[in-house]
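The structures considered in this document are given below.
In the two complexes that follow, subunit A is the common piece, with subunit B as its partner first and subunit C second.
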Partner chain A sequence: MTVETIDLDAAGVRALNRRLQGREGPVAGRHFIVTNAKGRHALAAGLTERVNVRIRGHVGYYCAGMNRLADVTVEGNAGTGVAENLMSGAVRVTGDASQSAGASGRGGLLVVEGSASARCGITMKGIDIVVGGSIGHMSAFMAQAGRLVVCGDAGAYLGDSIYEAEIFVRGRVESLGADCVEKELSAEDASGLEALLAEAGMDGDAARFRRYGSARQLYNFRIDNAAAY
Partner chain B sequence: MAGDYPERPWATFPPHVISEIHRAADQGLYYIRGAGARRALPTFDDLVFLGASVSRYPLEGYRERCDTNVTIGARHASRPVELKIPITIAGMSFGALSANAKRALGLGASAMGTSTTTGDGGMTMEEREASETLVYQVLPSRYGMDPDHLRIADAIEVVVGQGAKPGGGGMLLGQKVTERVADMRTLPAGIDQRSACRHPDWTGPDDLAIKILELREITNWEKPVYVKVGATRTQYDVALAVKAGADAVVVDGMQGGTAATQEVFIEDVGIPTLPAVRLAVEALKELGVHRQVQLIVSGGIRTGSDVAKALALGADAVSIGMAALMALNCNAPLYLEDYEALGTRPGACNMCQTGRCPVGVTTQDPLLEARLDPEEAGRRVRNYLSTLTMECQTLARACGKSHVHNLEPEDLAALTVEAAAMAQVPLAGTNWIPGRS
Partner chain C sequence: MCGIVGLYLKNPALRPHLGRLFAPMMGEMTERGPDSAGFAVYREDGGRERAKVTICSSAPGYDWAGLAERAGCELGVEAAVEPASNHAVLSAATDSATLRDWVEAGHPELSVTSSGAALEIYKDVGLPADVLERFGVSQMAGSHMIGHTRMATESAVTTEGAHPFNTGDDLCLVHNGSLSNHHRLRDWLRDRQGVRFRTDNDTEVAAGYLTWRIGEGASIAEALEAGIRDLDGFYTFAVGTRDGFSVLRDPIACKPAVMAENDDWVAMASEFRALARLPDVEAASVWEPEPGRVYSWGGGA
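And then the complex of A and B:
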């Protein structure tokens, strides 16, 4: 296996993304190591091929944003909006993630081994997000589809105005947002969760999680719900 | 003798206020409707052109050239958008609009060498195919947001707000959320679909700058990036959009149309297009980027003179929503019984929110949609855009200009003190600009 190393101090973000996006020659199946990330923004964003990218160090905003197929690992912490609008493929953050991790993601898997800040999984549309630690307030706000799995605790207003996404939390939930309710964890849910945890490389006993989702009371405007809008 | 008293018009409670109180008491929810503000506002109608005479000479109407082309986005984009006319079609979502309406707008705009724009709900392949130049909106909801669509678009528009509802989110009532619309938005069919008012992954100008950087990285720095704002604190918003790296700024005045918004928003939030253009131009000039960062103005543009006046105040192009829908037959006197069923009539309709548009423009009902033939309607849009262009050129030539962008505030006078103050042009017959002299 050949691994190509790209030093961001020398190459810069523009050249890195052009290379990883396959604009400088074929990249499918290749492995890359990116050094000197130094909190730079939009690293490894907009990838379209099955590439493997390891970024050494902390990254800024929107790392791996809107990727398809690629497998990106951040060996460090990630800034706002890591894996935002992810279409497919995988993104792993070995440290913590800032706010809006996985925002509006439509597919693929985001794993945050540490904790994630506020608005994790906001308006998610099909992505699976697995967080080893805890998540901040207003997470899964208006979440439409996909699964948000939290091995630690969840902050206030979890799942506010949630649509059809599913949330699994092993620890404490500070409070649930409007229209988000606890639901029964069926054997089928538990086995799906077990598989997802395994895929994310997290050990966790699925049966210890609680499941949350939409009560579907805000789906159509009703006078009685006016205070919740 | 009761009843013999002359009835005095009731200024505090005119009939529409009384009926709104009755409606609110019945339903307990704000009134949601389509189209733009209905209240009287200072507009471009309050300005007139000072045609050439002895002190200025005009261009020969049918002989001398008056160019209309505009380039948008050369500030940072390697492939700026080149338009033959400075009149574009505003972003209106598939979902709010029927697929036939979107296609017709694309065909009409393309025939005139101008652009059309997607909307909340994502890009349809029909509109991509029908539109030679297509602007792809990135909205707070991110419904249907797809990097492949970013890459096949000709420009990107980050929507911060709309003139009809600055600070507000969107809504598409359940009757319009069909299987196809729901599928594009990853939502269950038939629900009242809300769109957020803030982007999920950025707040404020510093974040916006990084968001724009990400969009450019994903699209290889090829596409112009516009930022669209509803007109409120226009001078600051335009300056911050420029600082965040926008190639073009779209400023949508309070008259701007909508598919469905609370009426209090439509009528009571934002400032009119007239002062908004001036404020935006001032901001661009202050930063030394006027004509370098293009200004696209929308909200209540209906005629070639509206276009010419917006350009004279310093806009590079305009964008039209409701008027383009009218070219597709919105509010036309057809299918009268269907207007009646909606409790309205041609010329007064703003029932887009119902999904029962009598002329097939803002509907997802296949039978209603079939009333709009995209080819024929596309020709109507082309004709309408062509008329606006000729009107604008006529006015520009009369002011002695060989390009519509050479129109300037000096070519204008105001008919009202309000318009003089808002547009900062002299009141007709005086040298007086309120607040300045």
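And then the complex of A and C:
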């Protein structure tokens, strides 16, 4: 296996992303190491090929945003909006993630080994997010589909105005948002969660999690209101 | 938008290098605030015996030596002046209120940006790199600095509207965000509590609020705790006091902040990239400050 190392101090963000996106030659199946991240924004954004990328150090905003197929690991902390609009593939952060991690993601897997701050999984649309630590307030706000798994605690207003997404929390939930309720954790739910935790490489006892989802009581769930549009 | 940065040295051996460590932090925040920049530096503390005020002149070639001479004569004390670009630090063997009042009463052409024993504030319109160069920041020594790069939203792009704001001795504040109740709070602080304001800027109101609380006997941490209740809006604040440094984000936490700390220093910035060149940052503890929680160093915190 050959690994190509890209030093961001020398190459810059634009050249890095062009290379990883395959616009400077074929990249499918290749492995890359990115050094000197230094909090730069939009690293490894817009990837569409099956590449493996390891970024050394803390990254700035929107790292691995819009990713399709690629496997991106951040060895450090990630700034706002890591893996936002993830389509497929996998993104892993070995440290903490700032707010809006996995925002509006449509598929794939985001793993945050540390904690994620406010608005984790906001308006998620199919992504799976697994957080080893805790998450901040307003997480999974308007979440439409996908799964948010939290091994630690969840901040205030969890799952406010949630649609069909599922939330699993092992620790304490500070408060639930509007229309978000606790639901039964069936054997089927637990086995699905077990598989997701295993895929994320997390050591979690699925039976210890609580499951949350939509009570479907808000305005938009009432068929009487359908004619209003 | 705006960018804010702060660096507080825990290891006194680093003090000669404060400006050299701080300047790249501010420069890195240019994209968050390209229209003006300002910074506060705490250095050469004159103690109770000697006060200093930082003064800005909009007219080029101001006769600073003449100002110091008049201050010495009229106040009957020894006075000295140290010019830096369109600013100067006037120091005298008196208290800071006397010195500030003397400058403001007789010199409407000048604006006072700070007063205290250790604090100096420099600010100007222009790109942060140019402002840093103008004031020779890289050569500055001291114990702590906070800075701001501004993208104006609530008031005009002027030197006076740039941060940091100082309303009481050795206290200064930089702010990323905007306050929504600053009009009424300014009126109340001015009319009921006698706090003096010099601009229409919302951040100056927050600085005035903290000054008032501290005047009532609160510590800076207690004043900030009370601010969570009384200040309405979006904010990440970095606050400097004579020997302390504090950070607070509002409970909604729309405005970013990241902190890093090791045995030698503690630093905060709007984004990690501003901290990325600090010595040994790779091994430092790096975290996002929690919403609505006051973080303080030094100052008996």
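In this section, the second predicted complex is superposed on the first by the 219 of 229 C-alpha atoms of A that agree within 3 Å, B and C clash if a C-alpha of one lies under 4 Å from a C-alpha of the other, contacts with A are read in each partner's own complex, and residues count from 1 in each chain.
The rule is simple: contacts are C-beta pairs under 8 Å (C-beta built on N, C-alpha and C of every residue); 3 or more make two chains touch, one makes a residue touch a chain.
Note that the structure is predicted; figures quoted are calculated from it, not measured.
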Which of subunit B and subunit C A:80 touches, first, second, both or neither: both
Residue contacts with subunit A in the superposition, subunit B compared against subunit C: B
First (subunit B), second (subunit C), both or neither touched by A:123: first
Contacts of A:147 with subunit B and subunit C, given as first, second, both or neither: neither
First, second, both or neither for A:96, with subunit B first and subunit C second: second
First, second, both or neither for A:57, with subunit B first and subunit C second: second
Which of subunit B and subunit C A:211 touches, first, second, both or neither: neither
Partner chain(s) touched by A:23 [first = subunit B, second = subunit C, both, neither]: first
Touching both subunit C and subunit B, counted on subunit A across the two superposed complexes: 41, 60-61, 80, 99
Subunit A contact footprint on subunit C (complex, rising order): 253, 256, 258, 271-277, 282, 286-288, 290-291
Interfacial residue positions of subunit B with respect to subunit A in the complex: 27-29, 141-142, 145-147, 150, 173-174, 185-188, 190-192, 194, 196, 200-202, 207, 210-211, 213-214, 217-221
Of all residues in subunit A, those that touch subunit C in their complex: 38-41, 57-61, 77, 79-80, 95-96, 98-99, 117-118, 136-137
Footprint of subunit B on subunit A - complex, ascending: 13-14, 17-18, 21, 23, 41-42, 45-46, 48, 60-62, 65-68, 80-81, 84-85, 87, 99-100, 103-104, 106, 119, 122-123, 125-126, 141-142, 144-145, 161, 163-164, 219-221, 223, 226
